[in-house]
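First subunit A sits with subunit B, and in the next complex the same chain sits with subunit C.
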Partner chain A sequence: MQRRTFLKATALGGGVALGFDVSRAEAEMRALKIARTTETRSICPYCAVSCGVIIHTLGDKSKNVKPAVVHVEGDPDHPISRGSLCPKGATLRDDITHKNRLLHPKVRRPGSDHWEDISWDDAVSQIARHIKDTRDRTFVAKNAKGQVVNRTPGIAMIGGCTDTNEFNYLQWKVVTALGVPYRDTQARV
Partner chain B sequence: MTTQNLEIRRSSASLWGEKTGMRHLPVVSKFIDTTTCIGCKACEVACQEWNDLEAVPTRQTGNYQTMPELDAEFWNLIRFNERDFDGGVVWLMRKDQCMHCEDPGCLAACPAPGAIVQYENGIVDVNPEACIGCGFCATGCPFNVPKFHAKTGKMAKCTLCVDRVTSGLEPACIKACPTGCLQFGTKDDMVALGHARVEQLKGNGFANAVLYDPPGVGGTGVVTVLGHGDHPEWYGLPADPHVPVGVRFWKSVLRPLGVVAMIGAVLGAIGHFMYQGPKEPRARDGEPPPPPGA
Partner chain C sequence: MTNGWVDIKNADVILAMGGNPAENHPVGFKWFMEAKRNRNARLVVVDPRFTRTAAVADLYSPIRAGTDIAYLLGIIRYALENKRYHEDYVKLHTNAPLLVNPAFTFNDGLFSGFDPAKGEYAKDTWAYQLGGSFAKTDPTLQDPQCVFQLLKKHVERYTPEMVEKICGVPKETFLKVAEVVTSTGNPERAGTITYALGWTQHSTAVQIIRTGAMLQLLLGNVGRPGGGVNAFRGHSNIQGATDTAGTFEILPGYLKTPTGPWQSLKEYLDANTPKPLEAASMNYWQNTPKFMVSLLKAAYGKAATKENDFGYSWLPKVDGNYSWMYIFDDMYRGDTTRAGGKEPGPEALITFGMNPVGLGPNSKKMVAALAKQKWMVVVENVETETSIFWKAPKEYEGPPPSQVQTEVFLLPAADFAEKDGTFTNSARWLQWKWKALDPPGQAKADQEILARIFLAVRDLYQKEGGALPEQVTSVSWDYTSPASPDLGDVLKEMSGKALAEVHDPNDKTKVHTAGQQLDGFGQLMDDGTTMCGNWLHSGVYTEAGNNAQRRNNADPTGLGMFHNWAFSWPANRRIMYNRASADAEGKPWDAKRPGITWNGEKWVGDVPDMKPDAPPGTYGAFIMIPEGVARLYAPTFNDGPFPEHYEAVEAAVVNPLHPGVTSNPAFKKFTSDKDVYGTKEDFPIVCTTYRLTEHFHYWTQHQHQGLLNELQPGFFVEIPEGLAREKGIENGSKVKVTSARGQIQGVAMVTRRLYPLKVDGKEMWQIGFPIHWGFAGDPGHTGPLANMLTPSAMDPNTWTPEYKAFLVKLEKA
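What follows is the complex of A and B.
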């Protein structure tokens, strides 16, 4: 090595070591984590405002992909919320992916102190059985004045907040047919 | 993280880091209206969710504020303040986060090349791959924003959702805000919006309303409407923020001098070696002198 080369290398090395950045500055761009996720529209389940949300799942629905929810945010096209969410609605991803989330129906029998797993079919048929029995037991055909009322005061129905207007209409129709007087839905919102 | 040659206006500790960008992007800004904030904290949650940050343990401190200060895993904090005013009390809420200064003190103080960058659109970001976790950026910041993350040994702060903004989306906090007190757009539009709102407030009895866009740091990428603009400290904001003089003196005087001195010392040592030769070993009493080169 010639003396001149050694001098040059020393000066350059010293400069780099002391913080002169000799490479062109490049930045690390953070990649958009939802760039190619599958977007699914849904409704926030919490309150009666029923804000629109978009659920982002991993993958593009290909046959070999098991989708997983990676992000949830507001739906800008939803007429009620137009993309905004409250702090509770903004946590929906954690609500969906939480290990304590109920994924299957459970039943607690009368007098029991614990919940049991039950299949959807059994759950629906047992609810139907209860409705029929309760209606038969508490049905009021005529009131004290002898007027025909056809009430089932032993049952009450409350609609969920994510139910659509169409679903609320059906619920209303069903409980009207049963004669249930105590009922509420959130079709008003 | 992918590496792309993004439009950079400034890069920390880098002589060649300025104006690397070929494209000229509009400067973006957040708009915060403290007078219509209801303190719901949707922005806090949206920030945590988007950035996949863990929940940070909190403690009740006597008010609604989530925690006393920003945290390396909590980049967006609504500050709740109560002040005596006009015989009553005012309850003030302000979204605290990185202000994305036009002249960022963190970037000026950072000694690691490329660890803090300012993009052409005004966003100031920490690059964790280059960050050495020294914490000097916290010293340079007049708003006490960058925080040290003990698990990674890096600094962390709000990125103004640079991943979303470069993809054409708005920041997560802005999108979530249900009252619309947060807005996003170009800096010019946000400043115009702010001035219009300040005029409206002045007509509604807030005679001291101002748009907080402090010139001491060249203006900020987060403009804030303060109803009580004569008391920015009520909101936890410095009245006239500046990059600390010590940081300026160190970076623009001491550090170049130090570099020159170090190079001079190295060159001097080499020159001394070349002209004077190696140090001769000294003979000890009663021993023969060791052979040269031993």
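What follows is the complex of A and C.
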């Protein structure tokens, strides 16, 4: 009998019968869930304290492996949070893995009462056509005073609270390219 | 924040007002507790509710929601009256000695220059008296027209009795708060003020924050470790969104968005490059041409040349206001005349990670506005209220789906863990996060979604032409992988690089060749030889690498600055205005808590908010302000150079100070049929909204089988015991809350955390409820949108909605 099998058997039969406590050995045989995980340093996406978090994923970086998040914890090196997290930060795994996450592009056609699946390529080309049509239709080259203003009042664009700085910058370039004057963000509200 | 999260540990007094950090920024709040434990700091909480922060405070004071200006001006009056302000600091670092135009007046609630027909102020009478191009001063602070004397006169009315009458706080409690808060009005002690959305979401928001800043200036607390005016932002990257031009009125780095009258780059730069108002003013915005031209080079790349004004004419120009409430008002009405002539309103909305139906005030109007759109793109992690507005429950009064002609695309996005890039925290730290895994299913990172749509549009314009195709095609998109830009590449572009050989104007030994990353905004040029996507972020990515990735948590100062952890804009400075932490000779006010110190040759300590080798006396401490000193009097805001108490737009009482001008006169009401405002006769109860620690906005209630939904399963209404008794409402029973705009139902939580207030001699009740729930979400965890009840009211400077004080009535359901 190998040590492992022996421990399993005794655990099933109840360690007490052996006359010594096997709980420590039992604990040892249940490998820690995060023992073989990859640790990735990240920042909590909720409030602006920006606590450091460590995301533990199971599965290495091999091409055929799909990593799964098994645990998220506070980063003790982080000078502000020093390893602490609030209830929201401590349950970040739920936020990444829950089953209400959107997985496919969808479209709701005019007058319809339901979603339809759509491919990325179709969604992107249909949206691009909408943007061009609306821009060409509503473009204001000059204002009432005859000043050149080059704006597209037909489109409004609003950006969110968890967009990265780099995304925000790219978004500014896109609204500038499209001439969109109506733009705002979570920071306003 | 002017200071940082860890810096709070250096405070002797913390005034937490307009925020509930123990609930909403719990981990940042640990530094409050450190200050209490290690420095014996006093924590003072002023809040309409006895909050989780109040529960650990040394001193708690109730207040009627929306009356913070009266409270704070009361403290300022107390400080001036009892000489509990830092006189040397005030004389050296503020505009107290500057003389104001004698035409400036304040009578019966109105400052000079008000045009009642327009509902706007003309600001010319608010200007300083000029001698040549500089403002005249009286260093003795005796001239009746000096800012100090005008302030004294302005706050005279805010006696403890008046504070009690307006705010509903017993005079004795107020005086205790005033005494503790003003105990830092000297070099030996330092105090901080922390606030959040409880200040920013009022029709007087900017002036509330200004009053806080003025108090901190009088106490000599701005720029010092343990001091400052510290806004706790509520989301992981709205600081970054503001810095990077998420809003219509600014370009990246707070450069102004061009308007119609500024037709050429020269006109733009002439209008936006300020002149100094004092001889010792560094007037740092004089560098606007360098920032602007470098931005245009980043935006348009090779297409930006000196000959074509660096592409300036392609930038869309704004006329008037295009902010949140106007977006949805113009959508709902279909057009606008604010820009002069009639122009169409939006017929389409693109939203990345935003849920306007949940977030905006007056939910019924939001739904009605979206129902008029031709198409919409929503990029999200989950199915939000916005994406399913077309099937909103009937109480939102939207048309049935068959009559909603909006085509809605709902695109699945990666969440934070599934993409890299930087977030900027409330302390201005840009921190890089690494990607942990791929997004699920077909979800994609938002930069890829945006890039693919943009490239497809650009392709159409290249093939078909259309309205001003150059505007679309000239924007540079020079990334290694254009359809999915590498965010490191993007950060490099934002930080800035040399396009030709560039010599540092202050250090001849520093030369950058074309293509090299610059060290900081001091190396930017106005001739097209540098590019920089955001001058404020300049230095985050240098030839040394990505500084946002730095993880050295050594703190040799012992003050919690951590200069080698990530990157703090601007220039890796950890405390803004830190020159004010030292006296006229450059000696720290408090040797144990130095911000920066003049060592005879240069400034040492934090990264100086000052030219590093400019001896004390060369420049004023506030280098971004044309005066060179901080403003106790600010002739720039839309609703007055001094703060004044005004009631909320939905006023619970007639203004006790000036019954003729009850609410902020510079706020103009919206006029569509959906914009209805209640009166105190019909809706006698003051209502406020807030967050809970267990949920995040309209987001975490989507988590299926999530622990947070177990901790806080549903919507409730907090009701003070006395009011519950009066209405026969039992704890746990159902109640109806109604405003002029709608009605919501929820479970009554009868509590002693809210008090009856005596306001202007009358007993008054306040209630409140959390946001977080809506008609989207995990089944079993949906609920009413708090914003069903909130009004179309906002601050006239920032146009942020007034979510924190409005009128309702309460009934048993």
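The working rule: the second predicted complex is superposed on the first by the 113 of 189 C-alpha atoms of A that agree within 3 Å, B and C clash if a C-alpha of one lies under 4 Å from a C-alpha of the other, contacts with A are read in each partner's own complex, and residues count from 1 in each chain.
We take it that contacts are C-beta pairs under 8 Å (C-beta built on N, C-alpha and C of every residue); 3 or more make two chains touch, one makes a residue touch a chain.
Predicted model, so just to flag it, every value in this text is computed and none were measured.
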Q: Give the label of whichever partner, subunit B or subunit C, reaches more residues of subunit A.
A: C
(Q) Applying the document's definition of touch, where does A:T37 land relative to subunit B and subunit C: first, second, both, or neither? (A) neither
Q | First, second, both or neither for A:C86, with subunit B first and subunit C second | A | both
Q.
Touch test for A:L170: subunit B only (first), subunit C only (second), both, or neither?
A. second
Q.
With both complexes superposed on chain A, which partner does A:N100 reach: first (subunit B), second (subunit C), both or neither?
A. second
**Q.** Partner chain in contact with A:E73 - subunit B first, subunit C second, else both or neither
**A.** first
Q: Look at A:A123 in the shared chain and tell me whether it touches subunit B only, subunit C only, both, or neither; answer first, second, both or neither.
A: second
Q | Overlap of subunit C and subunit B interfaces on subunit A (superposed complexes) | A | 72, 81, 84-89, 91, 94
Q.
Residue numbers of subunit A touching subunit B in their complex, please.
A. 3, 6-7, 10-11, 14-15, 18-22, 24-33, 35, 71-74, 76, 81, 83-91, 93-94
**Q.** Residues of subunit B defined as touching subunit A within the complex
**A.** 1-6, 8, 11, 13-17, 20, 40-42, 44-46, 49-50, 52, 111, 113-114, 117, 119, 125, 127-130, 159, 162-164, 166-167, 169, 172, 175-178, 180, 255, 258-259, 262-263, 266-267, 270, 274
Q) What part of subunit A is in contact with subunit C in the complex they form? A) 38, 40-52, 55, 57, 66-69, 72, 77-82, 84-89, 91-92, 94-96, 98-113, 115, 118, 120, 123-132, 134-136, 138-141, 143-145, 147-189
